[in-house]
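Note that subunit A is present in both complexes that follow, paired respectively with subunit B and with subunit C.
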Partner chain A sequence: MSWGLDGVTVRFGGDVALDDVSVSVSPGDIAVIVGGDGAGKSTLCRVLVGLTPIESGVVRRPERIGFQPESSGVWADLSVAENLEFVASAYGLESGPAGRRISYLLEITGLGTARDRLGRNLSGGMRQKLGVAMALLSEPPLLVLDEPSTGLDPVSRLELWSMIALASEEERAVVATTAYVDEASRATTVLALDEGAVLAWGSVDAVLAAMPGRIYETAERAGASSWRRGRAWRVWSGDGTAPSGARETTPDLADVVTVAALTRETRP
Partner chain B sequence: MIEVLDVGRVFGDVVAVDHVSFRVGAGEVVGLLGANGAGKTTTMRMILGLLRPTSGRVELDGRPAAEVDRRLIGYVPQSLGLYRDLTVLENLSFISAAFGAPLPALDGAGLGDIGDRRVGELSLGLRRRVAFLAALSHSPEVLILDEPTSGVGPLGRARLWESIHNAADEGASVLVSTHHMEEAEECDRVVLMADGREVVSGVVSEIVSGFSSVLLEGEVGDEVLREIRARGGKVLVDRSGWRVVGLGPGEIGEAVGPSVTVARVPATFEEVFVALSRESAR
Partner chain C sequence: MLAMIIKELRQVVRDKRTLAMLIVMPAVLLIIFGYAASFDVEEIPTVVIGDQAQAIADRLPEAFAIESVDVGGGQAEAEESLIAGDAHVAFVSNGSSSVALIDGAELFMAQAALQLTTAMSSQVPGLTSQVLFNPDLDTSAVLVPGLAGLIIVFVGTLVTSMSVVREHEAGTLEQLAVMPFRPRDVFIGKITPYFLIALVDIVIVLLIGTLVFDVPFNGSPLPLALAALMFLFVALGVGVLISSVSQNQAQAIQLALMTLLPQVMLSGIIFPLSSMAAGVRWIGYLLPLTYFNQVAKGVMVRGAGLSDLMVPLGLLALLGAVIFGIAVVRFSRQFEAAPSEARV
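Coming up: the complex of A and B.
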């Protein structure tokens, strides 16, 4: 059993928002969708939860999904507890089990001491954690989180990913989007998107192994297939031959995704 | 050159910045790191001359920050500071006129085909590159960047960093505030703040490798977790399992008993912040 998209294409007017995109996530798996602004991350989430119609392809989704939109979904005029209670009543949960679930979620989010604070008065980190708690409330088999860690400081980000890891321990399938490749190290599978097109898809190891050519490090720019990385430059060589004076380096996920984006951009 | 000399800033009873000192030399890229509330924004505002220190002083090229010619400074806020209803060229002409600087060449920046497009229609990556071009148009000696590549994909991020490093290579002192390892690794060194104080500075990979966390294996029940929390440890979860920050393996071993194996493991970038915030809270 797995959830996801099979060869999905979405068009808004004449623009392709998702171009033949496939992604699949099983219970206990975490799929991280990486891409910049305009890559199609939010569209993918909205397709997965059924808010955006598709032109072609297949969407496999369970009946119940926990969804946190990019805006966090927290109501500014409700308190922390009221936000959770409202979601519980929307799902028609009985008050006994709902109360126990809310207590548990307040404990793992560390929001117990802020239960009466209004949504508008929460810090960014608290708001995102509450958003995830609201998405988890109905114990959905699939959790879809759109940029849950955007704007969070490292401490809040770690707490948030801790919640996500707990959800995966509970055998939920998780799809989370981010603009930062380093967050993909927390995933079982990675999908890198650029302007709606798939740059890379698979387990982190498979994505690393699938990169054609080799990566070298040099002291200066070396043509169109090079980019800055710290004080040095990275150079991609498609046929693997070493540029003069360059030292081969082991590519990481950021290199692989950059190479895929470069290749896509320079394709005629 | 940016010099922050024993600077403090108090708001009422709250000490936002407490005796912080660091410098950013010409040609250097320095990262300013810290959790929210650590004092980063207050420090940046004092460097920009928007806020006066309560004690100590901030100097830009040897003069007090609040008194220097604005043309010395280039600043890209997170909001980017561009007019969304104006075209790229209109934005750049307005900014270069305000600074009395020549209009920057869009072609040279690889942005030749977007001059007549409205800024509001551009992708975030392109908007960020335009904001950079605007901030660099008057060749500032001090460049302050607030999370310069947030929301941008890997290739766009590499291109933005190319222009940041180029500005440094031409002699600018660059200070970058960030929350992400990928950005911190681009900096020559970083200054890490917690609770208004500077807690550590150096190369980010070396700072991170100086910390360790503890991995728990075996029967980790609620009782065990509660015991660790009661002793001041912060419990986190990732795919490797339960991890504890802020307590050593010895202390945890006593707390959990023989059913759980306790192993010291390298800390992640984020765990270093948790460890430092806990230390400074003590």
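Coming up: the complex of A and C.
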């Protein structure tokens, strides 16, 4: 059993928001959708949960989905506990199991001490963690999280990814979008999007292995196929030829996604 | 400073709806309200009853628009005509004496009728005048029933539209759409609190009106409760419709005010409908507050019963069914799950 999209195309007017995109996630897997602004990450989430109609393709979704929209989905005028209680009652959970589930989620999110604080008075990190907790509450087989870590400090991001890992351990299929490429390394599978088109798709190792050419490191900028990483420059060589004075380096996911974007731009 | 002015102008021009509000609306409102804003009463619907009815009718000034002349009726029939709102003045003759019964629920019409009948008394011996329902012609007695309707518009339309748009802005409407709610669960859940708040508000307004401002409550509460219920459905429906075409709360407020202002000015609460130019009067007849005001004033001031108010109640029911129905359909569309398969 797996959930996802098969060859889905979405168009808004004349603009293609998703172009023949496929993604699949099984129980216990974490699929991270990575891409910049306007890449189609939120559209993919909305298609997956049934909020946006598709032009072609197939969407495989379970009946019950835990969804956290980009805005966190927290009701600002309700307290932490009230937000969770509302979700529990929406899913028809009985008070006993619902209370236990809420206590568990408050514990793993560290929100136990803020249970009476209003949503609007939470910090960004607390609000996002509450959003994930709300999505997890009904114990859904599929969890769809739209940019849960955007705008969070490094510690909050770590805490948030711990929650996502926990959901994966509970055998939930997780689809999470992010603009931070480093977060993709936590995934079972990665889908890199650019302007609605797939740049790369597969397991982290497969995506790394599929990169054409080689990556080198130089002290100076070396043409259009180079980009800054820290104090040095990375250079991509499509035919593997080393630029003068450069030394070969092992590419990471950020390099692979950059190369995929470069090759897409130079494609005829 | 110039940069600031240019930036602000650019923003204003980008927001087409606000721009239209700023430029077009003042002209439209001025024209409409210019024709509507009139306290001058030119026509007073009148019935003439009693053995001298025809003789009196022949001598009435033009301002009394005669609806019927009935030589067989008496004071009871005359009062019934006023209670039902068929006429606002009834001349009743009995032998050599006659009385002009004036509907005190229509303030400006009553004042005009009183002046005219006082002037007539020198030409028609034995003619006296009597103001019914609101003998002192108290303004509050005439305004409070309509104000109860305005409260319903405020809570039902303005507050409801803002509440739904707030969910949209916060992204929580998407959250609700993914939850296992049926569209009607969300719709009813969303409007019920405002429905109850508006009901409480009406009771408060009516209590303050009757206890503090001595507004009479001459009729049965049943027709008023029915009208309030139906009018609430209209107001909530308009609120939900506004939310479905508004991107943010500012737009919702603008649109809600655009529905609120005409209702204040053209529903007969302040200016009598009969005093308005025909070109804008028809707008008043399309507004639900017009009919709520007729029922509220009819019940509270004239003591009208259900059978006297069937027309405004029926029109309110019709408006309620149409507007609320469209609102339910539009709202529900947002909650339909997109099909999981599509083929080109």
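The rule is short, and it goes like this: the second predicted complex is superposed on the first by the 268 of 268 C-alpha atoms of A that agree within 3 Å, B and C clash if a C-alpha of one lies under 4 Å from a C-alpha of the other, contacts with A are read in each partner's own complex, and residues count from 1 in each chain.
Note that a residue touches a chain if its C-beta (ideal position, glycine included) is under 8 Å from a C-beta of that chain, and two chains touch if they have at least 3 such contacts.
This is a predicted model, so every value here is computed, not measured.
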First, second, both or neither for A:S56, with subunit B first and subunit C second: second
Which superposed partner A:G38 touches (first subunit B, second subunit C, both, neither): first
Contacts of A:R231 with subunit B and subunit C, given as first, second, both or neither: first
Contacts of A:F67 with subunit B and subunit C, given as first, second, both or neither: second
Which of subunit B and subunit C A:A81 touches, first, second, both or neither: neither
More subunit A residues in contact [subunit B versus subunit C]: B
First, second, both or neither for A:T258, with subunit B first and subunit C second: first
Touching partner for A:A165 - first (subunit B), second (subunit C), both, neither: first
Touching partner for A:L118 - first (subunit B), second (subunit C), both, neither: neither
Contacts of A:S156 with subunit B and subunit C, given as first, second, both or neither: first
Residues of subunit A contacting subunit B in one complex and subunit C in the other: none
Sites on subunit C touched by subunit A in the complex: 170-172, 174-175, 177-181, 337-344
Contact set on subunit B toward subunit A in their complex: 33-36, 123-125, 150-159, 161-162, 165, 179-182, 185-186, 188, 236-239, 268-274, 277
Contacting residues of subunit A [partner subunit C, same complex]: 9, 46-47, 49-61, 64-65, 67, 69-76, 87, 90-92, 134
Interface residues, subunit A side, partner subunit B - complex: 30, 34-39, 123-125, 150-159, 161-162, 165-166, 168-169, 179-182, 186, 188, 192, 194, 227-231, 254, 257-258, 261-262, 265
